[in-house]
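Listed below are the structures to be examined.
Below, subunit A partners subunit B and then partners subunit C, in two separate complexes.
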Partner chain A sequence: MAQPALTFPRPVFAKLSPHPFLLRCLNPSDETETPSRTNGRTPREARPLQIHTSSLSHAHGSAVVRTGDTTVICGIRAEVLPVAQIPQYRPRAAFEEETEASRKAEIKNYDLVVPNIELATGCAPQFLPGVPPTALAQTLSSRVYSLLVGSGMVQVEDLRIWKGGEKEEGGMDVDVDEEEEKELVGYWVLYVDLLFVSFDGNPFDAAWTAVVATLKDTKVPVARWDDDRETVVCSGEAKQLGVKGLPVACSAAVFLEKEYGEPGEGRHWILLDPDRLEETLCREVVTMVVDCSSGETRIRAMEKQGGTVISRELMRGFVGVAEQRWKEVSKAMQ
Partner chain B sequence: MTTKREPEAALSVLPKSDGSARYSYAGYTVTASVNGPIEAQRRDEHAYEAHVDVIVRPAAGVGGTRERHLETILQASLIQLILVKNFPRSLIQIVLQVEASPENDYVNTKLMQASLNSAVIPALLQTAVLALLSAAIPMRATATSAIVAVMTQDGASRLVAHPSPREIEAAQSVHVLAFTSQDGLLLAESEGDFTVKEWDDVYDTAKKICCKSGATKGEGIEMVLDEQEDSGPDMRQFLRSALETKVAADLHWK
Partner chain C sequence: MADRRRINGPAGATIPPIFDDGVDKKTASQKPTRSRPANAVRHTFLKTGVTPSASGSAYLEVEVPGKPGVSGLKLSCTVHGPRSLPRSSPFAPHIILTTHVKFAPFATKQRRGYLRDPTERDLGSHLETALRGAIIADRWPKSGVDIIVSIIEGDQDRETSKEQGDESWDMMNALSGCITVASAALADAGIDCVDTVAGGVAALVREEANNGVAKIVIDPVPSEHVKIEAACCVAYLPTRDEITNLWFKGDMPDDNMNTYMELVQQGIQASKFANRVLVQSISETVG
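And then the complex of A and B:
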């Protein structure tokens, strides 16, 4: 007797049992079908990236980044922070040598870059609007902050405001008298606000791309100290913020064949740029931030958590995938 | 001000919780309590597995975005270790209180820092594993963790295991790695600027610290002592001996 076949249309199958649905898509029983993900992409295929800059009129820099159904708006607003208002401000002594580490510490200690990520906009069903920041939003903003400060993209030289005008590049040549005149009176603080308009997985890549695109678009007003009014005044003109390098984030999730099996048994697939459905089904995630702008591939950050499938060899292989993504993103940035 | 001494651990230090541990190494002291399996709140309940709740409390002040980030990292790692499917619809709660952290004498330490404090991850993970063992929560593996910094001096780079805050500040890149007792790479968090080659070296160094006892087990203490100077203590051996001491003390009456 033939078994009564129970068939569902695709959306019902996906809703009822998402794990077998994705598994069936990746590993079709029919030889003629090409394996793909539920969204029609191959495992190593990322969603196309669209970037629009300067769309917000009141921000000093802004970008809208869209990958598939994940859309982020990022705006940067610079505000003046006089040194008198910094608690525990310590001017750099003349004998102290300025190093890469001390410049990063300056940004970090005086909080000159303040990112904030808002997910509670009704961008996805799991985020209720109008609630305090979820753990994901807080984790994301911590990750963006760490990378922003750690990668040294924003240089503290661009954020300093001097008494007596802009300090000359390469302060070595300036003679001593002039050096004394130039006193640091304040900093520009960059408030980086990210708003998720719609959320369909892979928030970090989208958020980071938006931050990079916005930094490249940011123009900070030219500010100087006015002796008569004893305050910082801005002239009408604006100066492009210097951005060092182009780090690009590339995330992937590991999908295991056995939903409730022991780790390490069964097959696995590494899904690049996972969407919301795939993220709920995958535990292990890997993010690599690479920068190939100097010709050589430099890794700027690497995160891997939630499983033991990705070993050293897979990690090495993932660098190649990230390099490929870097090329795509840098093309979209232009 | 580097505190290069042996790691210390005490198990079942808190009388009221199901399991607890205090661990101190490289200037960090962390106390953890584990309660579980207990009844989960309705919104956290999962039909097929236990919910693992990790709470990190900083040494001073209330937790902020940085602590949420640490909790997310630890939770993802601990779910892999605990046999969560044995306890559907229940909750395993792990509370980690940082008691002491090494101070950087050169800068004014701020209470609220948004950036990830990766140096505390090994201590947190190690303490959580010890507390879970103390609470007799079924686990598929234990884990050990290490932090390695790549320092560049005069063009030459060298690796520093368990660096001080001052060294972390000056380091080219900082890497936290954790390995399960089956030698699987459980966690990798890297910050800074590095190449694949450098990461490979870091991986070797961290693996040596985390998984050394596999090679030297049963060959006496001498071999361990030889290598101790360059790569720090053997974390897996330490975990084992901490538990052996506890079990021996508990069975003292027999």
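And then the complex of A and C:
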């Protein structure tokens, strides 16, 4: 007599009992099957990355980044902030030395980069418009902000607007007073706006890749001070924004064998570039931002939350994974 | 008070860049002119299923008419639902339609904020009217559907100055795009409609500055014409020969009713062109 068979197709199982389904995929009972995730990837496999730049005409720089089913559009728009508009503006005295820290502080104190992430575009059923930004959107915005300011990718020299136009060494008009030439009249403020078109997990990596790709694409107009109009005017040409380094974010989630109970019991898997289903099943998430553009690997940021599985050794091993990801992303950027 | 849930940027006001040189000679030599005939629309690209996590989604892009710097319209639409209404809401015998239209901050010449402004609300309510006539609402009692359109890039010329390019005419094109893209997304979500609704725009334009002859064109690009006298946006169901929404704006001589009728007729014509693209795109996905 035939066994009463109760079979469902894979998507139904994934919906009904996601945790056992993912566990069975990663740990198949049949020895011949290779362990893989529900989406068919191996645990250390990230989704392929596609980057398109300069597709928007109203922004000074733009990029569309797509990893699997996560799509994010980033646009950078530069606006002029005259020094008269800055409350408590204090020009730098001649004797003050300009250091790396003072340059970073200048960007931070005058808010010269303004990143914002918009999730409420219906990119996933949980993000609908008409409500204030969700906790995730706020966290992502502030993470991008702190990384953007902290990594020193944007240099304040590119954002300064001088009275006599671009500051040049030599070749100045002799009649004009040297001191007046060097007067700072304003700053460029970079508004970095990110819009999620489609959301399928791992938003930070996608958003950060979009920010980096857009910064590399951004051209800021050449600006000078107009004495007659007493304002900053721009000529038609634009100058490429200098971007230092290429930090790449790499996230992974830790999947535990036991759905409930104390973390640390049973086996675990580290899933690189988690999708929406995996993110809902994993509590511990690790993100590392590395920059290998100078030849050696430098860690720009490291974040880990939600559990205690990832130990010191695993963290060290994760640097290698992040390096691998850096190579993939930098290849996609070109 | 500043929005504390977002990163607001500097406390002082920032000004968008002002360009000074070469503007005069550029507008003289490179002013865009309409190269296609008065009864032809721009090429449109429509694709459904761009957001897999939504019930239905579509992306629409209108071609740039032959010149870099003129941005085409880029729209993305997602549909969520039909789904049950929250318990607190009163009984509804038919589906509750919620529409949101939002410009991306980088969509237009002026940077837009994240809060919805009156124009966006206006577009949202027009879109709702247009779609309500097409959806068979009483098939889903006690349920709701959300339709969200993000305008990634508006239909505006970057070169035209602010005085010349009146924003209100751009809204017409934006609305017609919104209707078409939302209709495609509804079909992708599998929500029953009596027909595919599509949007079309016709305008009464003057080619010479002072007293030229006014003529009617469909799918107008405001920067290509000296002056737009009036425009209308039509949402039209072709097989039932019904108009679900009509938005008319402008200034028209009242002595001749025929001009008005002709304008609406041309709007319907534009809508039929859009509908052809729509039906082709949907039949590709349905197979």
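Rule of thumb we're sticking to: the second predicted complex is superposed on the first by the 317 of 334 C-alpha atoms of A that agree within 3 Å, B and C clash if a C-alpha of one lies under 4 Å from a C-alpha of the other, contacts with A are read in each partner's own complex, and residues count from 1 in each chain.
Heads up, the rule we're going with is that contacts are C-beta pairs under 8 Å (C-beta built on N, C-alpha and C of every residue); 3 or more make two chains touch, one makes a residue touch a chain.
All figures in this text were calculated on a predicted structure; none of them were measured in a lab.
Trainee: For A:Leu195 in the superposed arrangement: first (subunit B), second (subunit C), both or neither?
Mentor: Second partner only, subunit C.
Trainee: Taking the superposition as given, does A:Thr121 touch the first partner, subunit B, the second, subunit C, both, or neither?
Mentor: After superposition on chain A, A:Thr121 lies in contact with subunit C alone.
Trainee: According to the stated criteria, A:Thr139 is in contact with first (subunit B), second (subunit C), both, or neither; which is it?
Mentor: After superposing on A, A:Thr139 lies in contact with subunit B but is clear of subunit C.
Trainee: Considering only the touch criterion stated at the top, classify A:Ala301 as touching first (subunit B), second (subunit C), both, or neither.
Mentor: In the superposition, A:Ala301 touches subunit B alone.
Trainee: So, does A:Val319 touch the first partner subunit B, the second partner subunit C, both, or neither?
Mentor: In the superposition, A:Val319 contacts subunit B only.
Trainee: Looking at A:Gln85, would you say it contacts subunit B, subunit C, both, or neither? Reply first, second, both or neither.
Mentor: Once the two structures are laid over each other on A, A:Gln85 reaches subunit C alone.
Trainee: Quick check for you: in the superposed arrangement, does A:Met153 touch first (subunit B), second (subunit C), both or neither?
Mentor: neither
Trainee: Give one of first, second, both or neither to describe whether A:Asp69 is in contact with subunit B, with subunit C, with both, or with none.
Mentor: In the superposition, A:Asp69 contacts subunit C only.
Trainee: Does subunit A have more residues touched by subunit B or by subunit C?
Mentor: Touching more of subunit A: C.
Trainee: Quick check on the superposed pair: does A:Ala213 touch subunit B, subunit C, both, or neither? Answer first, second, both or neither.
Mentor: In the superposition, A:Ala213 contacts neither subunit B nor subunit C.
Trainee: Under the contact rule defined above, give the subunit A residues that sit at the interface with subunit B and also at the interface with subunit C.
Mentor: Dual-contact residues (subunit A): 111, 115, 138, 141-142, 145.
Trainee: Give the list of subunit A residues in touch with subunit C in this complex.
Mentor: 56-59, 62, 69, 71, 73, 75-82, 84-87, 110-112, 114-116, 118, 121-125, 128-130, 132-133, 138, 141-142, 145, 189, 191, 193, 195, 197-200, 221, 223, 226, 231-236, 276
Trainee: Along subunit C, where are the residues that touch subunit A in the complex?
Mentor: 5-22, 50-54, 57, 68-71, 74, 76, 78-80, 98, 100, 102, 104-109, 111, 114, 146, 148, 150, 152-154, 156, 158
Trainee: Give every residue of subunit B touching subunit A within the complex, in rising order.
Mentor: My answer: residues 48-49, 64-66, 68-69, 71-73, 76-77, 79-80, 85, 107-108, 110, 113-116, 140, 169-170, 180, 182, 184-196, 199-200, 203.
Trainee: Can you check the complex and tell me which residues of subunit A touch subunit B?
Mentor: Its residues touching subunit B are 88, 90, 99, 101, 105, 108-109, 111, 115, 135-136, 138-139, 141-143, 145-147, 149-151, 260, 262-264, 283, 285, 296-308, 310-312, 315-316, 319.
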